[in-house]
Structure formats: C-alpha cells, structure tokens
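Naming follows writing order (A, B, C, D and E), and every chain is counted from residue 1.
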Amino acid sequence: MTEILLSLREVSMHFGGLKALDKVSFDLCDGEILGLIGPNGAGKTTCFNTVSGVYRPTSGEIRFGGIRTDGLPPHRMAALGIGRTFQIVRPFPNLSVLDNVIVAMGLPCYRGIIPSCGSWKRQKTRDGAMELLSKVGLDLQAPQKAGLLPLGNLRRLELARALALNPRLLLLDESFSGLRHEEVAMQEELVRKTRESGISILLIEHNMRVAMGLSDRLVVLDHGLKLAEGSPDEIRKNPEVIQAYLGKEGHSNVA
Amino acid sequence: MRGLRVSMVALLLLSFFVGVAVAAETVKIGMLAPLTGFAAADGASALNSVRIAVDQVNSKGGILGKKVQLVVYDDRADAKEAVALAYKLIEQDKISAFVAGSYSLPSRAVAPIFQEEKIPLVAAYAIHPDVTKAGEYCFRNGFLGTVEGKAAAYTAHKLLHAKTVALLTSDNDFGRTLVQGFKMYADKYGKDMKIVYEQTYPFTEKDFKPYLSKIKEANPDVIFASGYYFQTGPLLKQARELGIKSKILGEEGADSPKLAEIAGEAAEGFYIVTNFDRDDPRPVVQNFLKEYRKRFKIEPDMVGASAYDGFMIIVDAMQKTKTVSNSTAIRMAISKTTNYDGLTGIIKGFTHIGEVVKPVQVQVVKNGLFRRFGIVDDPELIRP
Amino acid sequence: MQLFLEQMLNGLAIGAIYALITLGLALVYGILRILHVAHAAIYTVGAYVGLAIFSSTHSLALSVTGSMLFCAILGVLIERFVYYPLLKFPPYVPLIGSIACLLAIEELCRMVAGPYILSFPAELPFPSFTIGGIVISSTLSAVYGISAGVLLLLWIITTKTELGLAMRATSQDMAIASSMGINSHWIISVTFMIGSAVAAIAGILVGIYYNQVYPTMGAVPAYKTLALIVVGGLGSVPGAVLASILLGIAETLLIGYAGIPLPRDALAFIAMIAVLLWRPQGLLGGRR
Amino acid sequence: MLLDVQDLHIAYRDIEAVHGVSFSVEEGELVSIIGANGAGKSSILNSLMGLVPARSGTIRFRGEDISRIPSHVRARIGIRIVPERARVFPRLTVRENLRIGLYGIHEPAKEKERLAWLYELFPILEERSSQYAVTLSGGEQQQLAIARALVSDPKLLLVDEVSMGLMPKLVDQVFEVLQHLNRERGLTILLVEQNALASLEISRRCYVLETGRIQFEGASEVMRDDPRIREAYLGL
Amino acid sequence: MSDYTITIGTFIAIQAIVACGLNVIVGYAGQISLGHAAFFGIGAYASALLTTAGGFSFWGALPLVLFITGFIGLVLGLPSLRLKEDFLAITTIGINFIVVSVFLYVPFFGGALGIGGIPRVILFGTRLRGTPFLFLCLAFLAAVQLVSWLFTRSWSGLACFALREDEAAASSMGVSPVRFKLAAFILGTAMAGLGGALYAHFMRFISATDFGFPMSVMILSMVVLGGMGTLWGPVLGALVLGMLPEVFRPLTEYRMFLYAALLLLMIRFQPGGLLGESSLARQIFSRLKGGEKE
C-alpha cells in the first residue's frame, strides 16, 4: 500500500437523535478508487458531506494529506485539493457551461484580496476551461446556459468543474445515476482516465456493476455503521452484506 | 399590453398640454403644498384657503389690474420634490412670489433657492428656524416653536393658574422647540410652577395610555400636550377615560375641527395656543369663515388661515409698492408691514430675520367648537 | 400595582389589535409565502367602507358585515390579479407589487374620501367595568371581546372544520393537497377572504377605538406586522398572535416604565432582531 | 382501457424531460415503469396527476381526455397518487392526513369502514393516529402516504418510487401490500420504480424508460429474462 | 438646461448610483436587501457630520464616508450569512427602520431637526451647483458603472455569481460564502454611501425621513424594473422611475395614484425587468437581430 491520503477515525455525525454516522473509520490510499456503498439512508452522503466540509462531525477525526480537516468549511477543503460532484446536480444554471468551469478555475484567486480583483475573462483561463470541457466532451455546449443541459451532460459538467480545481481527491456522489447506458460507459471511462492522471477517487454508487467494476476497494455502510470493507470480490461474498444490503430474498440489490 | 402602451403615450401627451396651456397677463404666485401622502390633509387646508384668497383678490380687480394666478404643486412634504419644484416654479412658471404651504422639511429645502433667486417667500405654518434664516427674502407668518412654547407656559401659569404641569410632547422638530420655549418662560417667570413630568412620544404614536397612566399618578394641574390633532384627539379621549381631571393645554397642531370630532366629549374644556381666533369680530375673519364653510362644507383650521395670510401679506406688499415684478421692493414692503389686518390677528410686523410678530391666541373648546379664551400679547413673550 | 395592572390591560388591548391585523398576514404568508404588505391597505379600506355604511345606515352590524364582504372581495382580487401570477418569481417581485398596491389603494382612499381624518362615532355595544378601582372602558372591553371572539372563531375554523383542514394541508404542500381533491386555488382565495375580512374588523375596531379613519392609517401596521410574523415564526398563525400580544404588552411596559420614546415600529424590529438572534426560526416556527 | 396515454411530452421551462411516450393500463392491472434516476418517470406520474402540465399529448382516463383538467378534479374522478418521498402533511396528525384523503367525500358510513380496513392493513397507523406525521419514521410515512391515497377508494393508484429511502425489509413489505391490493381487491396500480427487479416481480407488464423515451415494453416475465434488461437494469 | 431639469437629473443620477450599489448586492450576489436606503442615509449623515462638525472638505470626507458606510454595510451584512430569503428580507427592512430611528432620536445626529448648513462641494476652487454638480454626479455615476463592470469581470464578481446561483456548489469550488457575500455588501453599501454624500451636499440639509423604508422600496423598484443583475438596468430603472412623477406632475392630486398603479402594472407584466431576460426590450432587440441575420 502506498501513502494514506484520506483517513476517517471513528467519525460520528448525529442529527438530533438520528445517528447518521456512527464511529466510521476507513482510509483511502493515494491513487486509489474507493467505493462507498450501502442501502439508501445508510449514511453515504452524510459521510461525503463530513469529508467535504459541509458538516462538522459530532465526534471523530478526519485527516486529509496528513492535515486534520474536520470542521473546515467546504471552500477550505476545495483549496486543500478536494473536488466533488453532487448527487442531485447543482450547476450554476444561469451561467454558461464554460463559465461554470471557469468558476472552479478561480480557486487560486479566491484566497487573496488582490488576486480576486483580477479579471476572469482572459484567453488563458478560457483555453484551460475549454480543454477540460473537450476532455469530458462538452466543448460544443460551452456557450450554452448550463441550466438548459440534459442530465447526462450536467454530470459531465460537474466532473469538469471538479477537475478544474486540480484536486488530489475527487468525491463522486452517484455521478452515474440517471445516465443512459452508453453515457454510463463514457463516464466510467472518464473516471478511469482521471485516476490514471494521479487523482484519487472516493465514490458513492448505487449501480453495483459500476461500483464493483471501478473500485479497487469498497466500504459498505448500513444505518450509519461500517458493515464491511474489502475488495469487490470479498464484499460480494460477505454474508452480512448480502443479508443487510440485498435483503432476505436477495433481490433488491440494484437500483 | 398594447392598450396599456397606447394609454401611456396618451397620458404623456395630455400632461404636456396641461403644462403648456397657461395664460399670459397675470401675476403668478407659486405655492407648494403636500396634496398627497401622509400630510395631504394639511395640504388641502392650505390650498383651499389660498384659493379663497385668490378669488377674493381677483373679484376686487386683482393686483394693479392684473389677475392673480396661483401655481401650486404637490410636494408630498418631501424635500427632494420641493427642490425640483422650486426651480420649476422659478424657471418655467416665472412666479413673482412664493407661499410655502408645506411642512418644515420641504420649506427649509426651498428657502435658500428663493433667497438666491431673490423671490420673496412667506412660510405659512412651517416652524423650523432655518426657513427664515435662509436670508432677507424669507418670511414666516406662523409662530416659532419657542414663541408658542412661551405663550403656552404663560397660559398655564397666568391664565390657568397651574402650580404643577406635565409636559407630553410629540418628538419632532416642533415639539422639541415648544418644550424649549416652555422652559424658557418657566425658568424666567414661572418659578412657582413645577414641571412634574416630562416625556416625548414618537410621532406615529396613537396610544398614550402608558404615558397618561404615569401622569395620572403625578396628578398635575395642567398637562401641556403638544402634537397634532390626530395625536391630541385620542390623547384627550384616553386621558378622560383613565379619569384624569387635569386641565389639558395643546398648541396650534391641535387646531383643527377634526379634534373635537375625534375626541368627542373629552374635547370639552381643552385649551390651545394658536394663531387663529374664530371669535374675532373683524370682517376679514368672519368673511373667511363664512366663505370657507360654504365652499368646503367643513370648518377651517389654523393651517389654512396661516396660508391665507401668507398669501395676503404678499398681495398687500405688491399693492403697496405698486409693483408685481420688483422683488426687492416687494421684499422691503413685506418687511415693513405694520399692524396688518390679518386673518390670524393684527400682524404687528416682522423682525429683521423675517419672523412674524403678532399676538398668540388662546382658545378653548366649548360645545365642540374652538372659542376665544384669552390672548397673549406681551411683547416680551411674542417677540421671537 | 394598580398602575401596573392598568398598563398590562392597555398593552393587552394593543396586542389584541395587532393580532387582528397580523392574523391575515400570517395566514397569507403561510399559504403563499408572500409578504402581503397590501394587507394594511385592505385594513384601511375596511375602516372606510365600514364608516361609509355606518354613516348612511347607523347600523354597526350592517357596517361590519358589509365591510367584511367588501374586503374579502378586494383581498381575492389582489390575490388573483397580483400575487398568483407572480408566484414563480423571487419574493421581492410580489413584494414590490404588494407595496405598489398599498400605495395605490391609499391614494385611492384619499381621492374618494378626502385627505382629512374622519371620525367614527359609533358606540360599541360592550359594557364597561370597574374592578378594584381599575376602569375597563367599553371600547377596551370591546377590543378584548371582539378579538377574543375572532380568534376563537378562527381557531375553530382551522382546527375543527374540513375547510380548515384543507387550508392547513394546502399551506403545507399545495401540490399534494390538490392531488387529494382539494381545489387549492380556491382554498388560497378563501384564505385571502378570511384574512381580509378579519382585517376589515380590525380596521373598524381601530377606527372606533381611536375615533379616526384616514388614508394612511395602514402605513405603520404595514411594516410592523412583518416584524410580528417573523417574531412569531414565519407562517405560524398562533405564533403571530402570540408575538402580537407580547409586543403590545412589552411596548406599553417599556414606554410606561422605562420611558423610551422610540417609535413603536422600530421597537418591533428591534424585538424581531433580538428574537432572531436567539431563535432564528421565530417563537413558534421551526417546521421548515 | 382504464388509462391510455398517447404521445405525452413534458417540459420544464425550456427543457423537455419526456419526449412523447405512449402507454396504457387496463382495469385491474399492475403496470410498472422502470428506469434510472432522472429518466422522467416521476414527471410522467406527476403529469398524469396534473401536478406538472403536459406540453402536448393526450391522457385518457376511462375514455375521457383529462389532460387539461386540474389536479383536484382528477383526484375526484378516482386517480390518486402515492408521491415520491411520501410527502405526508408534516404538521397534520396521522388521522388528519387520512381525512384529507377523504376531502369532498361525504359518506360517513363508508368512511368508517375504509378507515377500519386501512388500520387493519397498516396497524401502526392506528397506533400513531393522533401524532403529527412529521414524527413518523420514513417507512411509517410511506405507509401513511399509501393509506391516504387508498382511503378514498380510487380507481387508479399511481405509486411513485415507493422503495426510495426504505430499508430492504420494508420495501418487501410495501410491495407485498401493493400486490395484495391488486390481486385481492382488484385495484389498478401504475408503479414507477428504480428498483427494477422488485417491480418486475410484482407487475404484470412493464415499460422501461430511458431519458424521456420508452425503450422496451412487455410482460414482466419476458422482460426479466431479456439479456439487455438484465445487463442494464438488473446488473446481472 | 433649466435648473429644474438639472435638479431632476441630479436626483436621478444620485439614485442611479445608489441603485447600482443595490444591484451589486441583490443582482450580482443574490442577497435580498430591502433596507438599502439606510446606507444611503448613513453616507449622507457621515458626510454631513464630517463636513459640518468635523470640519472636513467634501473631498477629505469622501474616503472616510466610503469607509464608514462600507464598514457598517459589512456589519449589517452579517445577518445575511445566517438568515435566508424572507427572514433576511424582513430583517433588512428592520435595519432600515432602526437606522432611521437612530438618526431621529439620537441627539448627535441632529434628532428631528436634521443637519443643516452642509457646505457645497468645491472643485478647483469653485463651488459646484447646478450643471457642474450634475456633471460631478454623472462622473461619479460613470465611475460606479465602471466599478460595477470591472466587478463583473473580476474573480470576486464571478464568485458572487456562483454564490447567487448555488451556494453549496460554489463553496465546493473554493468560493468562501462569507468573504464574497460580505465583499458584495461592502461594495454595494459603499456605493450607496457615495450617493448619500452627494445627496447631502446637494440638498445641503438632511433629515432622517429622507432615508426611510419608502426610499428603499423606490431603489429596489428601480433595480427590479430596470433589470436585476444587468449593468444598465438600475440606471434605466432610476431614469424611468425618476421621471414618472414629473411626467404626472400636472395631474397634481392624482399623480401618486397613477405612479403606484403604473408601478404595479410594470411589475405585473414585466416582472423580470425592462432589460431582464424575456423582457419586451430584449425580445424586440433579439427579433431585430434575428431579422438581420435572415
């Protein structure tokens, strides 16, 4: 195993009486694709949100690249090198597709007063954004308003935005859901390429085939608890996982 | 949508023609009054009275044979609007003199403009000291707050024989200067009159019971309750409801026929210091009262009377100097006014800063009407 | 002690009047999420129409019913022609529309009835009491009686009737309510009718209480009630009523004892900010 | 034919979400529409209920075109929905939620009978009848939503993603209830689901929706064995 | 040009400056503010006090005025971080009422009497009034427009757009909501402060009632009617709403009714603003453009 990039230690997140996460611990190594699976309401998205800084965990410790990061707000996490996508896509609907990506390219400028006064309408910025867009296959849609794109394109736009941050870790929250068959394949290809470029990935996925196919390792959550961790093959055989996740008759495994 | 646009265009055109259609050989006197918005009632009173004045002058052949034309605009008691309108009156309407028939705020804003253009200005009932301070072209026919405050203190002290008084004043420019005047008198002459309670209330207040309950405890001989009739009216009612027996004294703001309507029974025996005496037998007063009642079907008030006088003082000066255009001469004539037979009493003249000198009237409500109670004409007190 | 009790009774009366005016606003906010500033204009119209009917018929009952009817129609007109078409726009768009409505109706009142303050010389058929040296005048007991009656009636309507159930359901989820067979647009209109009719009662009551009716009488309540519905918890009708009564009492005590001569509307907003710092969802809010 | 939809287009603002779908439901059938998130399934159901306007196309219910009539009228002629994420009225009690289902129906005797039946079907609701719906768990809310739709004795029940957010055990229970209603009581049900396998199991016919278009249709049994469906939707 | 026209023009220019400030907050950053007149007033009072009691010249006071209004804008912008939508809207209304009350009831601010005797602006040794003052206001308006334009092209501006569109997504891209919302508040309120300073030295006396809630509504109406979030919308809005009352002037007693009714109709039928998307102007413009292409 190589260096550990992200580590969660006994992270709990309580909302009132509900324990959305209960002492969850796992590590993500540099260059790895780690899949986070579990039935609805298992705490996957909550887990994402604690990692990306949306929530401050009730207890526990999160380290990213050796720095303790629990409690830091999302924009600081972005600056540290975490890019993310959203389960329900969140484009900037009234900005053009191109400008959506440029927002993310401003990351280095948002920290200081003087850089943030600089212009974003420079050819260099534009070219950089266009390059990313063509990488995800959206270069033709660049001048369109993002709000007018169909879902499949939006998923790719979110990916392009996250990549524009030059992240070390990418959090993908169900970024395959709602996609057509061929789109899923395309997206899978993109994720693989991204990993090849040296970016680690933590992904939540409902589509088992995709999750099993992409991930190096999987973490299974159920009702806020970590149920299992291991390679796709191990998980597939784990009786506890089958019991909890697939239901007693073992049929509701896909969605 | 199309219909809307067409009617908008029509409206624009209409407004142009109305503006252009103005006759020639007339004397134009300008006036600003709040005809819309929260102060619309006072604006209407002022305008009604001045219209009577205009008709009276014109029916007697106008000024030096020329008809008087009143050019009036609505300033909504707003300083911004008044400034623009002052220029409009000066440049487009080319007025010879100006009656400020509005509140202090707009009057104060326009005074320097008329001063600069050397156009005589007479403020009807605006009370801010800055109005006349703008220069020698600016006059005021109403009382300064300090004068009326002194007169009120005198009334409480000498006419109502108060040993203890409570002051409950509206928190605006007028209320503050009234209290100032009241205390000036009390410090100088009224050592034997004690102020047992003093409180200001916000201008939008309608419910005075919290204050009155406290006053009831202090039980003063006289309550000096300054404020407008829409404040003093409910105040009277609430005071009597609470069982307060003290005499209550108000000021010109309460001088409105509406007061007795609002306060009903409770208005009986309420005193005010003001500048309009309805029991004055002089024909100028009685004719005005008759005409006003006939034309507008309501009782006139002090605001209207003051505006009437403000207008008539200008007319009088024009007639004396036999000019309608020489503003320096008109100004001189106004400043030299002596013992003018005005609607609001015999105007003894104006001070060098343009403040009126005339007696203060004390009125009392009897059977729902303001009747004469007394008069304050001690020159010590009424000279600003 | 007697002074304190008197102050409390006065405060309660002021609070009750606030409650009557705020009620309609809270109802409308609850169902449409619109800041219905023009509600204050309906209240003004209510007073004028009530006065007009009263001076021609000398019947208070007729005046109240007539005015309620008129205001109910006016309220529905505003809802149908201004708010409903603007629902999908950001909240400040209907708010500006609402303020324009307020201004236009105020001016219309002035143009029709004249700028002067009119008196409302009606006698309310309520008794006056003297309990332990404290006088409760007939106007005061009328304020208590009428507002208690209105609040009670409204409580019965919203909790005990099918209409009330439909109103509550519509305010919680309009789309699902209509998929359950509720004509939600009609329910919205009914809500406006009820709120506006109560505003008419408030207008008449205030007109008689202070014996004055004038075009800009809605100017202060227009914005002050906004503070009250926030203090109560946006959309919570009981919260708005509670906030109104508390504020009425607080104002009276503050003025009576501390002698702070701040305008009451600023006081309301200061109270609002204090409450928001402590409970951002308002006194009885918290569901959304 | 109880429900017949022809060439239905649905658009939000400028974006078309459903591009001309046609399908039908016979009286007494249990039909499911499956497809991934965002394929337009919910849009179709909401459009049938009248919550989302159809851009074009016809919706016939018992032979009558209902595509232009408002939602509450559709509810009154016997179409009811179990919405996505239950959407019970949070600040109404359980009993009040059920009474909303009976809004506009004034048959006290029948009302009582229906309630008794529903309480038998979902005993937990009787237990919680005076609690606010917001205090119920996700599964209980889902049961309440079904009961609320059933209480008026509808002709057609639209069920939107009833499995979403439920524990697998609960999903089974809920599906059992739906199957029971269809088989024993003859209730016509149109089911929209992401959970393809479960819905194929209980439904008679099935439509597969992909990005606003119907890709496959047929009897559920046949579909279950179709390799394309297995690959794409069942992950097998 | 007559002084009347110049006066109206000056007011329009000043109000356009204030409206541009509000546009930065509401249009660019997507924060609701219904109390903008408070900052207009704070600017006016700050400049009035500094030049009368403080003995500063207009030009000496101006940077301080901008700093003071910007700073108070920063402080009063803090609620926007915690409150959303209607809560924020009503809170900003409250701020307006409270600020006016403070001006009215704290003797330091002249109380009900207001502040008078504010000196004229002196530029190159001449006291500006009439046309030169109008040009000064127009120059400032041009400067404000330039700053607005530069803002939309700056990373800060883009960050604000992103926050307006989707706060969660923006912050996941490194945009700090606190920093940029407050930046918009500072910039917007400083512009209002500039407008206030010009107003004070034009009127030469001020009182609290000039800056009440009706003024806030007026400014917001200008922004909304002109086209929120567009560069020229607020200026157009100020022009239209500034001229309407003057157009209706001869109809004295009916004009405020007509004004209100027209405002209602405009908001009802062009709720997106005169320059906003799907507005009549845009439609006509794009039709003309389309026509050329064909």
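In this text, contacts are C-beta pairs under 8 Å (C-beta built on N, C-alpha and C of every residue); 3 or more make two chains touch, one makes a residue touch a chain.
Not measured: the values here are computed from a predicted model.
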{"item": "Distance in touch steps, counted as few as possible, from chain D out to chain E", "value": "2"}
{"item": "Those chains which touch chain D and also touch chain A", "value": "none"}
{"item": "Chains in simultaneous contact with chain C and chain E", "value": "B"}
{"item": "Centroid-based (C-alpha) most distant chain relative to chain A", "value": "B"}
{"item": "Most distant chain from chain D by Cα centroid", "value": "B"}
{"item": "Pair with more cross-chain C-beta pairs in contact, given C-D and B-C", "value": "B-C"}
{"item": "Centroid spacing, where centroids are CA-atom means, of chain B and chain E in whole angstrom", "value": "35"}
{"item": "Chain centre separation (chain A, chain C; CA means) in Å", "value": "50"}
{"item": "Inter-centroid spacing, chain D versus chain B (mean Cα positions, whole Å)", "value": "74"}
{"item": "Inter-centroid spacing, chain E versus chain A (mean Cα positions, whole Å)", "value": "41"}
{"item": "Chain C, residues touching no fewer than two other chains", "value": "107, 261-263, 265"}
{"item": "Multi-chain contact sites of chain B, meaning residues that touch two or more partners", "value": "35-37, 171"}
{"item": "Contacts with two or more other chains, residues of chain E listed in rising order", "value": "104-105, 253, 256-257"}
{"item": "Set of all touching chain pairs, with the criterion as stated earlier", "value": "A-D, A-E, B-C, B-E, C-D, C-E"}
{"item": "Complex contacts: residues of chain A adjacent to chain D", "value": "39-41, 147-148, 150-152, 174, 177-181, 207-209, 244-249, 251-255"}
{"item": "Touching residues on chain A, where the partner in the complex is chain E", "value": "52, 54, 73-79, 83-84, 86, 90-95, 99, 102-104, 106-107, 109-111, 115-121, 161, 164-165"}
{"item": "Residues of chain E touching chain A in the complex", "value": "150, 153-159, 161-162, 165-166, 168-177, 179-180, 183"}
{"item": "Contact set on chain B toward chain E in their complex", "value": "1, 4, 8, 11-12, 15, 18-19, 35-37, 72-74, 76, 78-81, 83-85, 87-88, 90-92, 105, 108-109, 112, 128, 130, 171-173, 175-176"}
{"item": "Of chain B, residues touching chain C in the complex", "value": "35-38, 40-41, 43-44, 171, 199-207, 209-211, 213-214, 216-217, 229-230, 233-234, 237, 241-243, 258, 261-264, 298"}
